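Each structure below appears as structure tokens.
Consider the two complexes below, in which chain A is the common component and chain B and chain C are the respective partners.
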Partner chain A sequence: MSIPGWLDDFLWTYQNLIHGLGINGLLALSMYVVLAVGQLSLGQAAFMGLGAYSGALMTMKLHWPFALVLPASCVVPVAFALAIGVPTLRLSGVYLAIATIGLGEVLRAVYLNVDLFGGALGLNGIPERTETWMIYALLALALAGFWLVGRSRIGRAMEAMREDATAAAVMGVNVARYQLAALVCSAVLAGLAGALSAHASSFIGPNEYGFEPAVTILSYALLGGIGTPLAPVVGAWFLTVLPELLRGLPEIRLAFNGVIIVLAVLFLPRGLLGWRMRRRAA
Partner chain B sequence: MSLLETTGLTRRYAGLVAVDQVDLAIPEGGVHAIIGPNGAGKTTLFNLLSGVVTPSAGSIRFGGTDITALPTYRRAALGMARTFQNIRIFTAMSVLENVLTGLHPRMHAGLGSILARLPGFRAEERQAVAEARAALALVGLEGQADLSAGALAYGDQRRLEIARAMAQKPRLLLLDEPAAGMNPAETRAATELVGRLAKGGTTILLVEHDMGFVMGVSDTVTVINFGRKIFAGSPAAVRAEPAVIEAYLGSRLAAKLQAQHGG
Partner chain C sequence: MIRKILTATLLVAMPVMALAQPVPLGAIEVMSGPNAAYGTAIKAGLELALDEVNTKGVLGGRKIELIVEDSAANKDQAINAARKLIGRDKVVAIIGPTLSNEMFAVGPVTNERKVPTLGTSTTASGITDIGPFIFRTSLPESDVVPVTIKAAQAKGVKTVALMYANDDAFSKSGFDVMKAAAEKAGLNILAIESFGSKDADFSAQLTKIKALKPDAVGISALVEPVAGVLLQAKQLGFGKQTLFFGGNGSNSPKLGEIAGAAADGMMVGSPWFVGKTADNNAAFVSAFNARFGKMPDQFAAQAYDAMKIMAGAIDRAGSTEGEKIAASLSKTDFTGVMGPFQFTEHRDPATAAGVVVLVMQSGKFTIAP
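Right, the complex of A and B next:
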């Protein structure tokens, strides 16, 4: 079976956008899993950067096959998630958010100043190994996984601790363990997204994983909502397509983005997809 | 042997000893009340027992195990459940889902089994829903199972919190002011419910202001004032104890009453 010519043209023209939609969907889920247990992390962009840089280096310096690079690019983000999560998740409140903002900025300085990471120029000429189907297969797997887990005792425990961590602990939920697991899961998804995007665009730079992209990823979940795993992904798609539609008005694009998020928070506090999933499987 | 035992249990805050050297011995079975004026340290005592607050000194034994340093979630697994003075149900969840959450420590399906929807997982979920419905029936909420918990009336939210705690099949149920904010009819229903739970074999330890309620349901009463235990005994003995009357009414009024009624 061959792809018809017009579809081939379309895919080629919009390849970046198609990749971006899938990768941002993965990042939205990486945000979702942390928010779903009632924590706020701004480290998703940092985890993505760790996956992108470590994955690209494994391909370029170690010449590993992509089938090995992709899973291996989760290792460094997960190590950082554990190093940050173990001390901060015992504290309540915004400590995780603050620590993860710090992580992003520290890593940006490291990428800029260490030769291995190419400095301000970043890494160029990363072999293009990412296929579109890989991105969407992982996105579909992640969505299905969250859906299935959401409708189980784990999903109930997650929602319980998001609403009231003390009451959840009294119900016998090991809140700290779930929160750490959620952060690790988040690092895995962001690491995969990072490696996939690095091997799709052939170039990565230090400024792609700082504070601004971290806030953008948060806004996916703010706009879409977190009642179901699909909601933040839809939020990501909306905010990924929107700039393309506003291409003719580059000056007001960011402002327009901002206005949409403010309106969404004011008038759709539970997001574009506001409903919540049922928490039972029987 | 006591089901729950505290020795020298103390919690200090800056400039305040909320719970001061309290020794409790709660036997297995029956309904046991802790009373005391506002600010006597009753809720802090409950928070210490359930692990929400860590003690400054002293120890807690539950069912023969030292649980002083045990995190809250482990106490649930050992058979301790509680409700809160300011109701803390999960308002976005349905009534049934709230109660299912109470079954969490007794469910064991692993991540693989959940993802693959293995028969073991499905059977466990079915069993859990059946048990949750039974817990709702126990408090008379079986007809509201699929409503949003936040939409329930105040008294029903209290009963839901008790159902959620009972779904844990606890050996000891801590009730923090179960009759607070209730009208006389609701209080009578709560009295009846607490008696029924105790008959079912759950030991009840409750904190309450409503003296009619306390005297009606309790087998033993412990009185706390300024963080200290000042008396423990049967409801009748508590009513006659001068130190208790003094704690509630102040020493001058207590002396006057005593003089009027001939001690």
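Right, the complex of A and C next:
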């Protein structure tokens, strides 16, 4: 079977964008899973960086096959999630957000000052191992998983915690355990996204995983909404495609991008997809 | 009726179009965000040179059509721009991207498609290692800094302390070069101190350096932190006996604007200077000033030369095929506002003959005596 020339050309032109849509979708889900239990954690970019750096080093220094690198690049983010999760999940709201931003900044300083990570120059020449189907298979798997979990008893517990953690605890929900599990899930997804993106674009640098990307990932979920797992993914797609759609207006691109986001937040407070998941009566 | 006119216009226009179909040339520059000043200067330089090139055209009178895409200093947007330029606009070659980090991401993509890519402002080491279609006209720091250090040695400098910002690629790679060049020149390095690009307090590093009494202090950082270091050095009582010199980051008129008299005596090597006394440079500066209403900077000058080098290469290639353009680029022999220019076998600039050493005097750069 051969692909027609025009389609091949089209796919080549938009390959990076197609990769970006899937990877940012994974990141949006990584944000969704912590927001779904009512936690504002901004460590997703840091987890992504850990996955990207550890994955890239496993490929470049240890010459492991990608089938091994991809699952293994979740190990470091998960270890960090467990290490920071236990003490920081006692924090909530804006305090947790600040603590997790701190993690990102600490890691950025580490990447800058340790020669293994290439310092400010980053790592370049990472072999291209990511295939488009890998990204979308993982995204579909994650979406389906969250959908099933969301419709189950666990989903009900998550929603209860999101609305009122104290009330949920009184009703017998083990809040701390759910919160830690959500953080670990978040680290796995962000780590996968990091390793996939590192092996898709051949270069990673320390400034790609700091504060700014952390906020971008949060905005995916804010824009899309968190009523269903699909909503943040749609938000991520929207924010990823928008700058490319606006290529025709170079001078006002950034401003226009901002205006659209502000309008969306003002007039769609529950996100682009505002509805909630249906659940069978218990 | 309208249809008839349209058809008639088309009929008239068609043979002309076939004769003089423009040659699409891409450029990827930072046009928005905090680094937009670089991209804007480069775009202006490219456009000025483009007008001159298009009066004659290339490949027997075909005009070059320049398509500039914004990268917003973002790796993914830079790659998207490169893929769009190659896949949709079918450009024959690309000028840019602006930042070295962007080139590390874009280079592998353009190289794979055999599209010659010419960096005009990418100074980090390893850029041309990406592949045989990656060229640059920007002198790497390793060509500029040794000239500065030689000038410092001529002033009797024997011991040196080095300072650098460790959190951006440009400053770090500039420091590596500065350290190697100082060692090669036989200077005694007394201390190496680092700081962050956004730091405001450098007193700990400077106090330590002051106690060691070096003849000179070398700084590799962007212009804002360099100005901060100079201002604090003045407060801490570094006198005229200590010479300060900088890498390419210090080479900005902003240094004098921020640091004022504290920057006096600062030495910087530059691949280009607005007051350089070559005849074609004076013409370039006045043409630039007439069209854009401001003085060109080094980035505009580099871009101006790069456009002419690229147009010349396309013309001599006699074809729009990437391989032929790359082959003819590597045979470039050109004299522009930066001075004489050729590529090495490794597609870097071959000569640093155009480098001038500048000294800051009452807030302005002048050519060192």
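By our rule, the second predicted complex is superposed on the first by the 274 of 282 C-alpha atoms of A that agree within 3 Å, B and C clash if a C-alpha of one lies under 4 Å from a C-alpha of the other, contacts with A are read in each partner's own complex, and residues count from 1 in each chain.
Note that in this section contacts are C-beta pairs under 8 Å (C-beta built on N, C-alpha and C of every residue); 3 or more make two chains touch, one makes a residue touch a chain.
Model, not experiment: these values are computed from the prediction.
Student: Judging by the criteria at the top, classify the pair chain B and chain C on chain A as clash or fit.
Tutor: fit
Student: Tell me which partner A:275 touches in the superposition: chain B (first), chain C (second), both or neither.
Tutor: After superposition on chain A, A:275 lies in contact with neither partner.
Student: A:253 contacts which: chain B (first), chain C (second), both, neither?
Tutor: second
Student: First (chain B), second (chain C), both or neither: which does A:208 touch?
Tutor: Touch status of A:208: second partner only.
Student: Can A:9 be said to touch chain B (first), chain C (second), both, or neither?
Tutor: Only chain C; A:9 stays clear of chain B.
Student: Does the superposition put A:119 against chain B (first), chain C (second), both, or neither?
Tutor: Once the two structures are laid over each other on A, A:119 reaches chain C alone.
Student: A:153 in the overlay: touching chain B, chain C, both, or neither? Say first, second, both or neither.
Tutor: A:153 contacts chain B only, not chain C.
Student: I want to verify one number: the closest Cα approach of chain B to chain C after the superposition, in Å.
Tutor: Least C-alpha distance: 35 Å.
Student: Considering only the defined contacts, which chain B positions touch chain A in the complex?
Tutor: 50-52, 71-73, 76-77, 81-82, 84, 88-94, 96-97, 100-105, 107, 109, 111, 114-115, 117, 121-122, 125-126, 128-129, 164, 168
Student: Which bits of chain C are touching chain A when the two form their complex?
Tutor: Against chain A, the touching part of chain C is residues 31-33, 68-70, 72, 75-77, 79-81, 83-84, 86-88, 101, 104-105, 108-109, 124, 126, 130, 166-173.
Student: Touching residues of chain A toward chain C in the complex: what are they?
Tutor: 9-10, 12-17, 20, 108, 112-113, 119-122, 124-125, 128, 201-203, 205-208, 243-244, 247, 250-251, 253-254
Student: What residues on chain A touch chain B, complex-wise?
Tutor: Residues 145, 148-149, 152-154, 156-157, 159-160, 163-164, 166-175, 276, 278-282 of chain A touch chain B in their complex.
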